[in-house]
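Below you'll find a set of structures to go through.
Across the two complexes that follow, chain A remains constant while its partner is chain B and subsequently chain C.
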Partner chain A sequence: MRQVTRRLILAPLILWATSTLSFLLLSLAPGGLESSLLHGLGLQPTPETIASLRSQFGLDRPLLERYGEWLVSALRLEFGRSYITGEPIGADFARLMPATVELAAAALALSLAVSIPVGMVAGMRVGGSLDLASRLLAIGVTALPGFWLGYLLMYGFSVWLDLLPLSGRGSWAHLVLPAVTLAAGQTALFARLLRNSVVGELRQPYVRFARARGLRRRHLFGRHVLRNAGLPLWSALGVAVGGLLSGAVVVETVFAWPGMGRYFLSAILTRDLPVVQAYVCCVAAIVVATNLIADIVHAALDPRIVTQAAP
Partner chain B sequence: MSSLHSLLRAVARIPTRCLSIPVFAFCLCLAVQTAAVGHELRMAWNADVGPSNPHMYQPSQMFAQDLIYEGLVNYGPGGRIEPHLAESWALSEDGRELTFVLRRDVVFSDGTPFDAKAVLLNVEHVLANRERHAWMEFIRQMDKVDAVDSHTVRFSLKQPYSGSLQELSLIRPLRFLSPSGFRETGITRDGIKAPIGTGRWIMSEYRKDEYAVFLRNDRYWGTKPTLSRVVVRVMPDVETRLLALERGDIDLLFGDGLVGLEAFVRLRQNRSVETFVSGPLFTRIVQLNTSRPLLADIKVRQAILSAVDKDSIVKSLLLDLEPRADGLFSPGVPFTDVGLPPVPYDPGKTRALLEEAGWRLTPGQGIRTRSGERLALTLAFAAPNTVAKGLAEVLQAYLRAVGIELRLHGEDPAATMRRQRAGDFDLMYGDSWGPPYEPAAFINTMRSPTQPSAIAQTGLPMKADIDRVIASAMAATSEERQREMYRILLTTFHEQAIHLPISHAVNLAVLRRDFTGFGFAEQQYVIPLERIRRR
Partner chain C sequence: MIERLVRSPVGLVSLAFLLGLCLLAAFAPWLAPNDPMELSLADRFAGRSAKYPLGADHLGRCVLSRLLWGARPSLGAAALVGALTAVLGFVIGATAGYARGRIDEALMRTVDFVLAFPTLLFAFAIVGFLGPGLDNAVIAIVAVHWAHHARTVRALTLTVGMQEYISAARLLALRSIAVLLRHMLPNVAPVVVVVTTLDAGWILLQLSAFSFLGLGVQAPTPEWGMMVFEARTHFRTNPTLMIYPGTAIFATVVALNLLGDALSGASEEVAQSQA
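Let's turn to the complex of A and B:
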């Protein structure tokens, strides 16, 4: 409980530090804010235009004042307005978030659906054909850049076989290729993690004892081994959410998926700094929250953690 | 007998007729359906089309603005200014008053008449945001605009400006939004209510970051497009666009940034598509900053210009798609064909010039020195520009071969822009602006203290004279005077060796063979969709 309370207190501090750091770093970015605006808005750098931009976007005000204003806006989840479109960033997030959540959730579900049985079987039959295949696949998928896998899938399933749509968002069929691309790396990671965990659990004395007692194999795996072997997966899930969000930047761009990742990449390219700051804060908040939830669940499932953490 | 025979034949025809009616109806339906589908063109764009505000810049995409809105005049072949929404115009003798007579048969796509009142409303909103358009000399010089009658408007200028008509033909910001498209409060800088113009196309559907649908404007005053519908899908990734074209998800890719040079060359072998290369548009230039100590010496500048084999660059880097550039502007830009001799690739001459300037190679050293100082220069360019990056690396190799070290500063575009404004560069890669900005608008920036072209000239002893000649060219009211002023300017730039033109960039397009009739317009971002038709 104390551990959870400590994490709950730390979470806002982490968010504040991340947001402040992103604000400062981007304010001091090479080129300066005026150049970013000129570039992003496609304007010619005349003295009149520069002066008008400084006044319109408040760049003539002290950094601390702008920081305070931004912080208040972030606390209200508004995050100010985009330099480029002039739209409220909070509203853009609300519009784009469902697409990213849909993609990330599909990818996560797919990852778990594939990695849990593969990891279990590979762990139970070490050195077997599935273990070997999953190992090779994990190496291959981890080494393959996400965008490249995306192109291969697009060419194979969309252009060549004409089974699935190439890009965009619409029906469930549009979701398949981007979700598979986004899920690939996580699936490999989860499967190997679970496989190693299962191997470790099977060497535990309680398993030998259970077998000696004549416990049925299905019961032993379902009730004991899987539950214990699945614990590292909970911790990995917390980290995986961050991975999914960063992976979404590339996958959404390749598949023309109208989500937050693409919005973020476009903001980077046009130097739309308020959007970049807001996205960094948003991702930080999601990662902190998911890690916190993962830790709480982990602690609930494995009381040893709470016991070990206690003084 | 014959009547019985006729009767029998008529009876025999009944099943045929009975069958033929549904068959005919089916064929008719199919034809109607095919026509409906056949009149739709799908194209990809790398960014969202934006709010399509006619008076603003990014994120509104120029091609979409051009589909919806029109200008008073049009930039035609050879730089000729043609009537468009204005059927005629007259310039006063002192060059300070430009009077346009508007067409009477034009209505906005919502049915609102296009008249002097609409023109005035639009110009007022543009002038209310004058600072944002300060790069346009026409707007800087505009004193007032008034309506002479319901279909005549008069622009009064503080000083005559020779590029006025060219700037009025630009895609933005002097195009016209229907009075019903304005918000009740504020100015168009802060947004518009709806994108309603007089153009050939109406934006009927828009889903931000996904697609935009344009329907043919059946109220259009001129030749209407054959296509009835154009769907623009947002595809930020170049490979995705190419796969979509191959799969038949899209029919048209337009613009060199949308295709990529290598992919374009590959697509030339693809039988399902037709490829198009435009005439020369803007020029890829490396500017030499005369205000920097090493480049203040004309011999070093001339040496650099002779050290680069542009033909090889065009062949290997630009895949022979762009013509070599020997001058600042593409052939055909008005008043700029002044017969200047090209600078040939001559590394021997380069070495001799550097020796004359005191830069010598010592045995065992690859870089020339003078009094212990190395002949090391910097080249700044925006890193995301792949052509600039490739070009920078090739230039580095050419200059290295004659003993000049070239350090590459490939940076974020905003950082490059700041370097430009601060004059913190020896060499800077950039593009000229292409038609209709050339020559007037582009040359005029050479007077602006924040433009790299102006900063690069500040080390020239005759810079004050150059600025005076630019001022004369801008204020000239006769073609002869303009021609003479541009001749003086271009000759000076050439003699002073301040520009290294590499190639004249072109526009690229790929169209599926289901369609035909494609042709390029004079301006880079004008897509003449009205010419395209289904085969």
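Let's turn to the complex of A and C:
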């Protein structure tokens, strides 16, 4: 369990470092409030408006006092107020979070549903037609800009075939194209990972023994090989969640999906620094938590990790 | 390594394609039929013609000229990011691997911290704090990506550092910098080249995403990601405007990835033949 314990100790440290770093970046960013006025609200900042806004957002108080306040509000998931709307950021996040979670979860489920059978079969028949086809597809998919793939799918399925809605969020049909776009890269990655892992697993002595014993193929693959070969997927899951959240910024923009990614992007473009700061901390918390869960599950599934000494 | 690369047809074709692309970008001012910025509202969405070989966009600008000029920031920025990450990754990774002890520990914990985050989101956030623009996008991607290189280089430096000639160099009381540059670098360089090539496609994709989102190259400068962004509102009526720049990004990234694969295959062969 040393690996997991180490992670447990490290997790709050990472979160604290992130919140401090993003606080410092916000406080030290050149002319944050001024450029936010200019880009976000189209106002020409005068010394008076800046001074009044600075006191309104408490920016005229000492750095340490603001830092303490920021830490407390971040712990309460409040994160202060937006420069642009003046609304509390935590409330905005709570409103937008379900849309992003829905999109990311759908993409993750889709990529697992496709990559597990493909990776298994490709690994069982190395050099077979599915192996070659999935390899070619992976080369193609990993080279596709996500935003471009989104528009291509939109053109094909919404404009040309007129099967699915163009953009926005609503019915299940609205979810299909954004989820496919977001899942594409991840699916290719998972399938290759699983394929290589199956190839390695099939060389293990226990597989030969099970075959010699006359174990049925389905039983061998379903119970033994997949269980072991699937382990690297667990470790990849933590990274995948981060990738999905990054991809969501692009996909939500393309499909006008009302989620956190689009909110984050508009905050960057309007230089709404408190929102950027809050988003960074939120994502850090999500990623740290997923990694932790993935590690614990991994350790539970693979006793070798527990007995091995941590490096 | 180069002789082995020549024997891989895929790698060779990719290399030729990329070199050709660099030439096109370099000679864009002479090759482009029109000024990439020149507006001509009479020619909005003009089809293919002698004047506009690939048609004109929503502002009547020549698409072919914009593609050729657009290769410059796309390839140039990707090359810059690749070079900066490689140098930064080498300096930090080699220092950590060579110095060991506390310096190693401190540098590697920093690497762990950087790697704990989703790379791209972290880069978005940096642009958020610094403000949009190609220069800031380059800084942001380098700032999140060097850690991957540093980790690879450190591992390599640790292995190379065990070799006798490094101990000999240390015994001769050569300065650390001299050992690192004269003896370490030549041994680590091939791997750095392979890793950088494998990364280059990813970097190009990220940069184009930055431009597409309005965080990188700013209008009206032509750049491939930017061109997809500008074409998005007209893609139902004029899908080709989006097809051209997207295909350019796609083909370049495929070529870079295939070249990277061929290079890493070649360097593995070399490593095996030496072992």
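Just so it is clear, the second predicted complex is superposed on the first by the 299 of 311 C-alpha atoms of A that agree within 3 Å, B and C clash if a C-alpha of one lies under 4 Å from a C-alpha of the other, contacts with A are read in each partner's own complex, and residues count from 1 in each chain.
In the analysis below, a contact is a pair of C-beta atoms (placed from the backbone, for glycine too) under 8 Å apart; a residue touches a chain by one contact, two chains touch by 3 or more.
Computed from a prediction, not measured in an experiment: that's the story for all the values here.
Visitor: With the two structures overlaid on chain A, would chain B and chain C clash, or do they fit side by side?
Guide: Aligned through their shared chain, the two binders clash on chain A.
Visitor: In the overlaid three-chain picture, which partner chain does A:243 touch, first (chain B) or second (chain C), both, or neither?
Guide: In the superposition, A:243 contacts chain C only.
Visitor: For A:255 in the superposed arrangement: first (chain B), second (chain C), both or neither?
Guide: first
Visitor: A:96 in the overlay: touching chain B, chain C, both, or neither? Say first, second, both or neither.
Guide: First partner only.
Visitor: If you stack the two complexes on chain A, which partner ends up touching A:151: first (chain B), second (chain C), both, or neither?
Guide: The answer is both, since A:151 touches chain B and chain C.
Visitor: Check whether A:159 is in contact with chain B, with chain C, with both or with neither, and answer first, second, both or neither.
Guide: both
Visitor: Taking the superposition on A as described, I'd like to know which of chain B and chain C A:301 touches: first, second, both or neither.
Guide: neither
Visitor: Who does A:280 touch here: chain B (first), chain C (second), both, or neither?
Guide: second
Visitor: After superposition on the shared chain, which partner residues are touched by A:271: those of chain B (first), chain C (second), both, or neither?
Guide: Both partners.
Visitor: Just to be sure I read the superposition right, which of the two partners does A:59 touch: chain B = first, chain C = second, or both, or neither?
Guide: Neither: A:59 stays clear of chain B and chain C.
Visitor: Which segment, 134-142, 224-232, 260-268 or 332-340, is the chain B region that clashes with chain C in the superposed model?
Guide: Clashes with chain C appear only in stretch 260-268.
Visitor: Per the definitions at the top, what is the overlap between the chain A residues touching chain B and those touching chain C?
Guide: Looking at chain A, the two contact sets intersect at 29, 32, 35, 147, 151, 154-155, 159, 253-254, 265, 269, 271.
Visitor: Can you name the residues of chain C that touch chain A in the complex?
Guide: 113, 116-122, 124-125, 127-132, 201, 205, 208-209, 212-215, 225, 228-229, 232, 235-236, 239, 242, 246, 249-250, 253-254, 257-258
Visitor: Which bits of chain B are touching chain A when the two form their complex?
Guide: 47, 50-51, 57-59, 130-132, 134-135, 190-191, 207-210, 233-237, 239-240, 243-244, 246-247, 249, 384, 411-418, 420-421, 445, 448-451
Visitor: Considering the complex alone, what residue numbers of chain A touch chain B?
Guide: For this pair, the touching residues of chain A are 29-32, 35-36, 38-52, 84-86, 95-96, 147, 151, 154-155, 158-159, 162, 166-169, 253-256, 258, 262-263, 265-266, 269-271.
Visitor: Can you check the complex and tell me which residues of chain A touch chain C?
Guide: Residue list for chain A touching chain C: 14, 17-18, 22, 25-26, 29, 32, 35, 139-140, 142-148, 151-152, 154-155, 159, 239, 241-243, 245-247, 249-250, 253-254, 264-265, 267-269, 271, 273, 276, 279-280, 283-284, 287-288, 291.
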